[in-house]
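Below are structures written as structure tokens.
Next come two complexes, and both contain chain A; in the first it sits with chain B, in the second with chain C.
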Partner chain A sequence: MSTIKKALSNGSVIAFILLTAIYVVYMYSSIDVLTIENATDLLNNVAPLVIAATGLTLVIISGGYDLSIGGVVVLANVILATHSGTTVQSGLLAMAVALGAGLLVGAINGVLVAYLEVQSIAATLATFIMCSGIALVIMPSPGGNVPEFISPGLNSTIGGALPVSLLVVGTCILGWLVLRRSRFGVYIYALGSDERSAVQSGIRAASVKFRVFLGAGLLYALAGVMLSAQTASGDPNGSALFMVLVFAAVAIGGTRFGGGRGSAIGSIVGAGVLAVLQKMLFALGVSTFYTGIVQGAVLILAVLLGQVSLLVAQRPRAAETPAPRDDRDAGAPVPAAQRGTS
Partner chain B sequence: MKLALELSGLSKRYGPTTALSEVTFDVRMGTTHAIVGENGAGKSTLIRALSGLEVPDTGTMSLGGSAYRPRSLGEARARGVSTAFQDLSMLPNLTVAENLFLPRLGAGPTVRRRANEATAGVVLDRYGIGHIAPNREVGTLSLADRQKLEIVRAVSHKPKLLLLDEPSAALPDVEWLYGLLADLRSEDLTILYISHRLAEIRDLCQAATVLRNGRVIDTVSVDDVDDSVVFQMMGGATEGHGIQARKSRSSTGSSAVAARDLHGKTIAGVSFTLQRGEILGVAALEGQGQAETFRILAGVAKPSSGRVEVEGRPVRLRNPATALRLGLSFVAEERKTEGIFPGLSTLANVTIGALRRVQTFGLLGARNEYVSTLDAAREVDLNERYLRMDIDALSGGNQQKAILARSLMQRSKSLLLYDPSRGVDVGTKGTIYGLMERFVARGDGAILWYSTDLAELAAVCDRILCFYKGAVVAEVSGEDGNVERLLSAITGHDNSRHEVAP
Partner chain C sequence: MGYVVCLLATTLIMMPASKLISPSLGSWSTVSAILVVSSMLTLIGFGQGLVILVGELDLSLPSTISLAGVLTTAWLSVTPTAVTFLQIIGIAAVIGLVNGVGVAVLKVPSFIMTLGSQLIIAGIALGYTKGTVPGTTPDFLASLMLGRWFDIPIPIYMLFMMAALGTLIQRYTTFGRRLYAVGSNRAAADVAGVRVTRVVVGAFVVSAVAAALTGMLLVGYGGGATLGMGDAYFLSSIAVVVVGGSSILGGRGSYLGTVVAAIFLTTISTLVQSLGISQGWQTFIYGFLIIAVVGLLNKELYSRMLRPLRRLVEGKGSGAPASLG
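== the complex of A and B ==
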């Protein structure tokens, strides 16, 4: 019983159930769903979202917000589209510059938030706007080409069997599982729960925050690289919707905005929900104009389901909590569902 | 005699307020040294400076003879100083084991969860709290267990200097703490002990330093001074304890609030009647159902069966707003999370429940709001200058006064006070008792009051309900309500409930 309860109070389980349900509908909506090409295509679609959502989850669990995603992604995209040259070496150099830009933006965010104590929304909104501006300076209008090893390179398979994007998604999951079991992982949760208490427990809050933003910046740049593999060209304006979807993926995955609870696994599954949903609607012949409406509705559904299942999970049962000696009594914490929304 | 700690000329200012001013005193090695003072006297700042969380502006500290100037908690720990903080620095979303071993989380390059939990189990057993499972999330523990964990964590670092800031504030009984400290006593361990309870200080400490407004008034040997002298030095209640039995009031006998056979998650058949004009005490160890009873009356929790009557009429308390409309005002135990609105001014915190009365045509008049709050503030002895400050900046005792002022502003007829005097200084306690007395003296007011301090219950209350295992097992009248009698009842050794409510 307690296993089920634990599962129910874990937001990513809801996202996973949703993903399965949508995928089943998708499977019956079209005949060629279960082909390798189709699966690869889906993975290619979802990979950028997965990487960016992993980065954002780190920031949000640590108690911050990060709006610089859109800026970093578009910056990486235009750098690749304008400075790739023709050789593999120059392409690799452009990619290194793109990733470096992500680190730099992350570092600026980190210094602002961790050491100068600027509110994270304000700081990252500023860097988002700046990056968007710089992207327009680098590339005033859409166009250009990204290096071949990125597109189609990152969209293809290694040895004809293993899609690169599967490797990317797998790495994100594995990386998260390792992080979750590391000291740094515990620090992130501690910080997001209560910064003062974290400091009083010996955690160096500023350093943890800085590193979170740094890592997130790098991940957004990687997401930008993967996104460039999809678009194959540069677009200095094409990031706002992407950023919104990243936040949606994190929300569907059950991570608590405000910090302290959640997991990147949930966000990754959340990204999957959004991507499969898009495919399913397309397969059902629904006009793409309606995609946003359905995605929004699914987001609300996921959050509501998350709250309901939390309530179910936290309802004490007679057998588990003997009436007189329930030592939760006095402390009686507010249910996490209520805390989560505040 | 060797000195463990020497403080000389320590000062710390925050903007216009002086938290510490020229603090100078010595602590002898191997002793337990008390720091006493009212709320806002600078005790917590001193603890934070010694813990490495604040760097004093001027002055020097010396630990075991060598200069001590920690810039982080880590540095303080490395020098053998560890702290159990008053505001309980456990992280609710981490497990007991993780909290215990932060920030190192065990030796070795990776975090070994299982190994840590096994080690934590040993540590918890060693210090007598083996009933707490190491893999449980701290947020699901009772306040008392969190407090014990906070203390055990500090102790487990094997400090040379142990700082205990209000270690007994959330403990229903001090047996465990006394046992632990007796067990730890050694020539190498020095303890700085902060408490508002003078009885504890007499039991545990050899010397005491009295702080007032950030200054050291005196350092005295505990055996040499009377309580009254200490109170006088603290600058608070010179007339003594503040616990003064003034039970001349007579309850009018009409029912204000009645519980009829309430059942719930932790209670089974709770019945009692709170009469107009009385202070009805509730005595219990932690987790005997008293919290749920209060929360039901406040509209926060719902009973599975049974009913609540207000002025003889059955009511349905759907939510706290309903309870407030019916005149029931609840002051919760956890100020930090349930009572105050951090980030708002004290003024806003006081008026938030009574905005209807301070508004004109739907708009808040700043002047109107201020003026109508002044009366309530005076009533609870809350200094006017605090009204303009952020409530976070106030000491615990002053926050508690602000919350009480809010209840007054709401013109509630019945106050449900859940341990309002926990962790507040003697002076503020006196103010709270005075406020309670005046409140019921008006005739139509009534107070249901839970306190972990049995002595104050016995001194102030007309009647005291004793909760045990989810039921009212005894009712002790205030006059003969001596502490031993209460103690035996709440530990289940007395089943003589004199008057069973219909």
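== the complex of A and C ==
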């Protein structure tokens, strides 16, 4: 019984059930779902979302928000599309610059939020606007093209068998599992659950926050590189929808907005839900006009589902003796006052 | 309050001083154009401001603006009656109600709830129009937004009326006082007998209705509706509240601050546009100014900058221990 309860209180499980359900419908709606090509295509679609969602999950678990995703992704995209040159070296250099830009934006966010104690929504809103501005300066209108090793390179397979995007998704999962068990990972959760007690137990909050934003910035830039592999060109305006999808992936994955609970695995599954959903709707012949409606509904429903299952999982527990519990994945009851946006 | 006065003073100095940058600026016609554009930002800032005041966030405003704009050209221009007007307002109120119930009753984080409804409403608007917006601008909206009264554009009167009315609602009505109570401490407000759920739902309803009205004004001002007409307000509706001195965590802020911030931000963007620099740099400067203003607001930052000075003056070798952060 307790296993079921534990599973119910784990957001990733809900997201996984959702993913399976949608995938089954998708399988029945189209004949060539289970081919290697189709699976690779799906992985390619989902890879940028997975990387960015992993970064955002870190920030959200630590108790912050990050709206700079859209800005960094677009910045990386236009840098690649305009400054790649023709040789492999210049392409690699452009990629390094793109990743550096992500680190820089992450560092600015980190300084603002961790050291100057600006509210994370306000700070990252401003950096998002600044990044979109710089992206427009670098590339005033859509166009350009990215080096070959990125597109189609990052969308193809290594040795004809292992898709690069599978490697990327795998690395994200592996990296997360290592991080979660590291001291830094524990700090992030501690900071998100209760900043004051985290500080009192000797965690240097500012330093942890700074590093979280730094890492997230790098991951967004990587997501931008992977996204460029798909679009194969630059677009200084195309970031708003991507950002919405990243937030949706994290929310569907059961990470609590406000911090302290969640996992990147959940977000990765959440990204999968969104990608398969899109494919399923397309296979079912639903007009693209209505894709947004379904995505929005799934987003709200997934979060509701997570909350209901959390309630179910916790209700009998209150009657039992309050055992010490692991706050990292299982949900601790939240006082109403802490619920709002932070 | 001191902050709002500073912001207002900066704006008032900037308006005539902008003549130094470009001779076409600083004239009455530019100033009135700035105020006309600010009137719409002021209105949307009122709704977002109330939602932020209770410690939530409304990200569904852009598509609510667009939907209301589309319905205005599609319905209101055909049958320009009060009933049609109320139908559109009613649709917006339902959107706000759904948002509010999702947040306050079902406890979905407002960020997620309104992001979801943003996607859904945008989808509905897209599905309804199939990509092309039908209808034309209703005459009365065009004459409202482009007309003059005693040689002053009508939206400027609306701006000042809005400022007075908004301040009245937010600061002096029971509803307004409850918003502050809920925003500063939800549990305490609950214990004190405030019906938290109703207050939060109310804030979302007002926000959606304000968005619908903004959509109508935009149709009158711009001479038509597009599906993306609200997109620009995604960030600026939040920016105007934050720059106006409200806390993004809720419980603190004045509507007067939002009004001044709307004029300030519009002045800045007009100024930056006239510099003849590219759209990209304009956006960059806009973002940078938000950081600067929000940073200045930060008392912690103030005291940190002042601390070395104070130490120097007091001649103390070791000051207070650095903050635990």
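We adopt the following convention: the second predicted complex is superposed on the first by the 316 of 342 C-alpha atoms of A that agree within 3 Å, B and C clash if a C-alpha of one lies under 4 Å from a C-alpha of the other, contacts with A are read in each partner's own complex, and residues count from 1 in each chain.
The criterion applied here is as follows: a residue touches a chain if its C-beta (ideal position, glycine included) is under 8 Å from a C-beta of that chain, and two chains touch if they have at least 3 such contacts.
Every value quoted in this text rests on a predicted model; they were computed, and no experiment measured them.
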{"item": "Touched partner set for A:121, first chain B, second chain C, both or neither", "value": "second"}
{"item": "Chain C versus chain B, contacts on chain A by residue", "value": "C"}
{"item": "Which of chain B and chain C A:206 touches, first, second, both or neither", "value": "second"}
{"item": "First (chain B), second (chain C), both or neither touched by A:16", "value": "neither"}
{"item": "Partner chain(s) touched by A:26 [first = chain B, second = chain C, both, neither]", "value": "neither"}
{"item": "A:242 touches, of chain B and chain C: first, second, both or neither?", "value": "neither"}
{"item": "First (chain B), second (chain C), both or neither touched by A:190", "value": "first"}
{"item": "Which of chain B and chain C A:181 touches, first, second, both or neither", "value": "first"}
{"item": "Touching partner for A:198 - first (chain B), second (chain C), both, neither", "value": "first"}
{"item": "Contacts of A:260 with chain B and chain C, given as first, second, both or neither", "value": "first"}
{"item": "Interface residues of chain A shared between complexes with chain B and chain C", "value": "199, 204"}
{"item": "Touching residues on chain A, where the partner in the complex is chain B", "value": "181-183, 185-187, 189-190, 192-194, 196-204, 260-261, 316, 321, 323-334"}
{"item": "Complex contact set, residues of chain B against chain A", "value": "51, 53, 72-74, 77, 83, 85, 87-94, 98-99, 102-105, 110-111, 113, 139-146, 265-268, 286-292, 295, 301, 333-334, 337-338, 468-470"}
{"item": "Contact footprint of chain A on chain C as seen in their complex", "value": "54-57, 102, 106-113, 115-120, 122-124, 126-127, 130-131, 185-188, 190, 196, 231, 234-235, 238-239, 242, 247-250, 278-288, 290-291, 294-295, 298, 300-301, 324-325"}
{"item": "Residues on chain A engaged by chain C in the complex (per definition of touch)", "value": "65, 112, 114-119, 121-123, 125-138, 140, 199, 204-206, 236, 240, 244, 247-248, 251, 256-258, 287, 289-297, 299-300, 303-304, 307, 335-337, 339-342"}
